[in-house]
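Consider the two complexes below, in which subunit A is the common component and subunit B and subunit C are the respective partners.
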Partner chain A sequence: MLKCTINGVALEVKPGTTIIEAMNNNAQRIAHYCWHPGLSVAGVCRLCMVEIQGNPRVQIACNTMVTEGMVINNTSDKVKDAVKWGLDFHLINHPLDCPVCDQAGECGLQDQYMEYGQYDSEMAEKKQKKHKVVDLGPTVVLDSERCILCSRCVRFTDEVSKTNELGIFNRGDHAEIGTHAGKPLDNKYSLNTVDICPVGALTSKDFRFKQRVWYLKDSETVCNGCSTGCNVKVYFNKEGLFRVKPIYNAEVNGHWMCDEGRDTYKFVNLGARLTKAYQFVSGTWIENYAGAAAKVAGANLKSAKAEEIGLVLTGQHTVEEYESIVSTFVNTFKTKNIFHWVNNKESFESFDGILLRGDKNPNTKGLLQVLEKHGINASWSQLEEGLKSKKIKHLVVAGPENTFVYPDLEQKMQLFLTAENLVVLTAAKTPALEAYKGSNKITAIPLKTYIEKDGTFINFQGRAQKFKKATTVVSEALTLSDAATLMAGQDLQLHVASPREVLVAEHIRADQVHLESRTKNEFVFNRGRL
Partner chain B sequence: MAIQETKYLTEFYHLPEFKGIDGYKKNGGYVELEKALKMQPQAIIDEVKASGLRGRGGAGFSTGMKWGFLPKNNEPRYLLCNADEGEPGTFKDRMMMEKAPHQLIEGMIISGFAIGSKKSYIYVRGEYDQSINTLETAIQEAYKAGYLGKNILGSGFDHDMDVYRGAGAYICGEETGMISSLEGLKGQPKLKPPFPAVQGYLKKPTIVNNVETLAVVKYVIRDGAAHYKKIGTEKSTGTKLFSLSGNVMKPGNFEVPLGFPLKDMVFGLGGGMKPGRQLKAVIPGGSSAPVLNAEESNRALLDYENLAQMGTMLGSGAIIVIDDSNCMVQCLSNLMHFYHHESCGQCTPCREGTGWLDKITRSILSGKGRLQDIELLLKVADNMKGKTICALSDAAALPVLSFVPKFRDEFEYFVREGKSKVKGTAYKGHSYAEMHH
Partner chain C sequence: MSVVKQKDESKEWYLIGITTGLIITMKHLLVNLFNKKKMITLNYPEEKYEYSPRFKGNHVLTVKKDGSIRCTACMLCATNCPAECITIKASEHPDAQVEKYPISYEIDMLRCVFCGFCEEACPVDAVRLGPEWQTPGLNGSNFTYDINHLAYRPALKGGVASIVDDQDRHKAGI
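Here is the complex of A and B:
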């Protein structure tokens, strides 16, 4: 270990650590644009200037290794002046169109200007004109005038996605980011370029112009798009969820996530959700409260023969929920007819070498562990035969919340609909149920999504990742555990509402989102550092 | 006695036959190669180090020391000859390549042998069509004669040489920019460290030397370090080729020992001013070197130390003479336009700063200058200096930091009056947009 002093704080760092890494790891602020911990060092923004004792010139922290006994500071007037000028060079040709820029509120230029700038510009000449609204591909739009040419996006496509779509064309102050003709920015990780863009040059087609970022709250959770379980932050407000971004976890996803995972917010929002319980009785759908519907369904099961009851589970729920529902079925309903619904069987084991896995469920491992614990080994063909021979008459299905990754949903639903009494616990609207015209009894009960509950996912590595509830979208929806408790005939534990919850409950309609009490708009502060 | 050149490298340049291999051999060619191949490589490096030879491309770094930075192992390594010669005012390498290509080739084979490189490239400026053709012919001749290829002259040493044609970017004259270009990448300098001697072309140890530097190696072997050291001054040894241009009667390339008075170069070898004109300023080391005024020019000596003492540099040895018929504001604007055009755009201070300086000088020329623009020029230049990966930013800043203080009256006059202080320079400033479209 090397000893060094940074801004008066004595630190020990590993040999081979750069100054900027040492500062970043020890929560010391340093201005920078081109450096990113997940990419190679470019050393071009020239903003991360530090003063090293014994060296008359300020140095860039990103390409200078810490040496034994080094005394470093970045708070002296000399450094501040260098950063101020570095920032000014970034800004002279920048359009300063913050009022119409999507990045405003989380922009590196704004952050650094508030810290190092706050001067009047001396630039009196005409600004450089560049291309605007450049369509880079299906997901990303470029505004070249806002671009500060930090090359983060170019290095991302070179080093991480290894797709090499982006490049810097021309030179000097007319250089621009671009793609080659006929080779758009189109890869499964393209939106990471938007995340790492420190300014508003790259914007997401999905998110742009939807919300000002200061109207969004955020919460950390685990992506439920596949079995990798990337650590993510979801951004939401009372209108719903708006975007998902990765957060750093060296053991799981590094700094990145895939574009598919970013779409997972879409099935959480109200438009895709089942908001009420429905019962199909004698040819018509009757609306009911979720809790009441679960109790009725449970009572029906209790009066049925144990061997006629079946339960279908997907890998989309939490470990806690599996434990609750499986033990209810084993202990209360005395059945071990519990089946694992595997979607896209063919690609289940596939992996793209970066993050994306073929198993599109966040918690397959968790489900298998709970099933094993309870000694359950029923096969899918047993279910098919059971339904065909009418041996299984009462079927409870905990359906997927992310229906996009269940291509066999329709086909499987038709299979389940052959049961005399079908209870579908699902977060998503299910067209196959709505279209049903037969005479069987159906109950559909709304479930919460991963955003709306606490729980644990076990990813492909066997790593258990706990997450907290971020917000509520469908207030009446149940967790799988709630449903199990109610079906077992018990009542839910009375939850003593906080004054805030009472306030929310009184003033907001039941189907509206209410916010978790998060006060700090965290990403604004984090953005300045990363 | 009349002021004369010291023809050391250029001794036979007047002979047209010196260009071909036969003429070259008749006049002492490839003798030193045979001698060198019998020496220990380290002995050649030591000899070059002892000779005090300093890089002729611009930075003036000790050649022997640069070679010494190579790792001491058997890793493949490359020798690159920098023949990009982009510094405005410099045209000596072109003459060397076109009049004596074998001199360079021989110097390179000896250098390659010394540093243990089996492959070398000559990176020639794209516009130098004739140089490229001459070199390619000469390399073929050298292969035929057994000076290149496998087992050169039975020594067991293999060496291959290729010419690589640049595409006209100034920045590719910077050694790491050249390496990027040679690798097939965009010509942009690389972050240092690692330095090319440790990790250069294709991430292998690489030595980049100027045409003139590599040619001199032959003469260090021929005469020995002790003899070579006697030429020039104590710390600036040897002769140097200077490209004299601008307002002199006889511009051209001149070889003189280092330490030669600038005055003798301009008024002696260069034939002095045109009738009725007075010397106003001299840029002594290529367009990026700080300018000297007439008084300074009269006492300057052409060696690394003296010019450094006077706040400028020897650079590539391009002496640009400016007489009193020129407006210094226009001269600076011209330079700024060049650097604006040539900045690779990688580092922000250079990318934005060169454009800013260009626009400010252009705005002064068009009569729209503000008095604070003069201070602003200095502030911008000062903050570009030493803040970037390569020296292009400094190259753009240094002229500003010398032109403005030394000829401040001309800048102030232009801003106040909206026209040049120098009569007869009816310059009509054109807008930035016109320059580019």
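Here is the complex of A and C:
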């Protein structure tokens, strides 16, 4: 270990650590654009200036290793001045499009200008015009004028996605990011370039102009796009969800996530959701409350014979929910006819070498563990046979929420619809059900999606990842556990928080009056009668 | 509540007060009768009061030289608005130099407090509070003004152009 002092704080770092890494790992602020912890060092933005004792000039922190006894600071006036005028060079040809720029509000240039810049530009020359709104590929739009040529995006396609689409073309103030002729930026990780672009040069076609970023709240969760279980942040407001971005987890996804995973907010938004429970009785659909519909469905199941009941589960729900619904079926309905619906058998085991896995369910491992725990080993062919021979008459299906990754949805629904009494628990609208014109009984009950509940996903490594509820989109929807409780004939226990819980201890003022002690009119009590 | 009555000698002589009041009233009556120019009230609606040109009345969205809307849908006005009454939907503009424009811009006038913060926030002089202040309407929905009304209502005669000119700005390379 090497000893060094950064901004007066004594630190010990591993040999081979750069100054910027040491600062980053120890919560020290330093301006930077081109350095990214997941990419190689380029040293082109010249913003990460530090002063090292014994060196006459300031130096860049991203390409300087820490050596024994180094005394470093980046708060001196000399450093601040260097950063300030470095920033002026970056802004010479920058259009300052902030009003129309999607990055405004989370832009590196804005941040650093407010922290170090605050100068009046000394440039009298005209700004260099470059290409605007360049269509780089199916997901990304480039604005060359805003680009500060940090080369992060180029290094990303070179080192991480290994697709090498992007490059820097021309020289000097004509230099521009671009793609090689006839090769669009089209890979499964392309939107990471938008995340790492410190300015608004690369913008996502999907998110472009939908919202200003300061209207969005964020919350951390686990992506439900595939069994890798990348750690992500979802951005939402009262109108719904707008985007998904990765957060760092060295063991699971590093700094990145795939483009498919970024679409996993789409099925959560209101337009794609089942918002009410519906019952199909004698040829018409009747609207009902979700809880009431679940109770009716449960009562029907209770009066049925145990071997006539079946349950179909997908790998899209949380471990807690599986535990609850499986134990309800095993203990209350006394059936072990629980089937695992696998969406894409052929490519289930595939892996693209970076993050994407063929198993498009976040929690297949969790489901298998719960099934194993309850000693369930029913096979899919048993279900098909049971439905054909009318042995299984009452079928409960906990359908997928991400229906985009279930190409067999329609076909499987037709299979399930042969059951006399079908209960579909689903978050998504299901056209196959709406089109049904038969005589069987159907109940559709809305479920919550992964954004709207607490829970655990177990990813392909067997790593259990807990996540918390971010927001509510469909207020009436149930979790699978709620549905299981209601079907078993019990009532939901709604947790009503007491004021003491809400006012967490550290937020309570010493003189705070609690509601209980207010049952008497404190004012009268203290002062005596008026 | 307890009220303390002040015993003041002069208050006892209320007749003086009443007479003073009557004299003032009569003076105005006579002045108005014989010298109409000095009258301070107006025969509304035939006559209208001339407000200062800086009066903050109904909003106007300004237009460019070609008559298209100036607003770039940056939403700074909506962000700054304390009444949260501005709703904007942005979209991609076919011209790459313009890039972004509002496909819908609505102000709920019944929530607006006419503070003018939107006008102050706008970086491109696209929204202004105009001098118009008489806005009768039959029901609440008449008071949600859209682009058509804000920029092109008949009273604006084809739109108000801003003095800041984009083309000149582009030519100067700013």
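Convention: the second predicted complex is superposed on the first by the 496 of 530 C-alpha atoms of A that agree within 3 Å, B and C clash if a C-alpha of one lies under 4 Å from a C-alpha of the other, contacts with A are read in each partner's own complex, and residues count from 1 in each chain.
In the analysis below, a contact is a pair of C-beta atoms (placed from the backbone, for glycine too) under 8 Å apart; a residue touches a chain by one contact, two chains touch by 3 or more.
For clarity, every value in this text was computed on a predicted model and none was experimentally measured.
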Clash-or-fit label for the pair subunit B, subunit C on subunit A: fit
Subunit B versus subunit C as contact partner of A:82, first or second or both or neither: first
Which of subunit B and subunit C A:209 touches, first, second, both or neither: second
Which superposed partner A:266 touches (first subunit B, second subunit C, both, neither): neither
More subunit A residues in contact [subunit B versus subunit C]: B
Touching partner for A:63 - first (subunit B), second (subunit C), both, neither: first
Contacts of A:172 with subunit B and subunit C, given as first, second, both or neither: first
Touched partner set for A:429, first subunit B, second subunit C, both or neither: neither
Contacts of A:126 with subunit B and subunit C, given as first, second, both or neither: both
Least Cα gap, in Å, left between subunit B and subunit C after the two complexes are fitted on chain A: 11
Overlap of subunit C and subunit B interfaces on subunit A (superposed complexes): 125-126
Interfacial residue positions of subunit A with respect to subunit B in the complex: 41-47, 49, 57-58, 63, 82, 85-86, 89-90, 92-93, 122-126, 128, 148-149, 167-168, 170-175
Complex contacts: residues of subunit A adjacent to subunit C: 97-100, 104, 125-127, 129, 132-133, 208-210, 212, 214-215
In the complex with subunit A, residue positions of subunit C that touch it: 72-76, 79, 90-92, 96-97, 99-100, 123-124, 172-174
Residues of subunit B that touch subunit A when the two form their complex: 169, 171, 186, 191, 193, 340-349, 351-356, 359-360, 363, 370, 372-373, 376, 379, 383, 386-389, 432-433
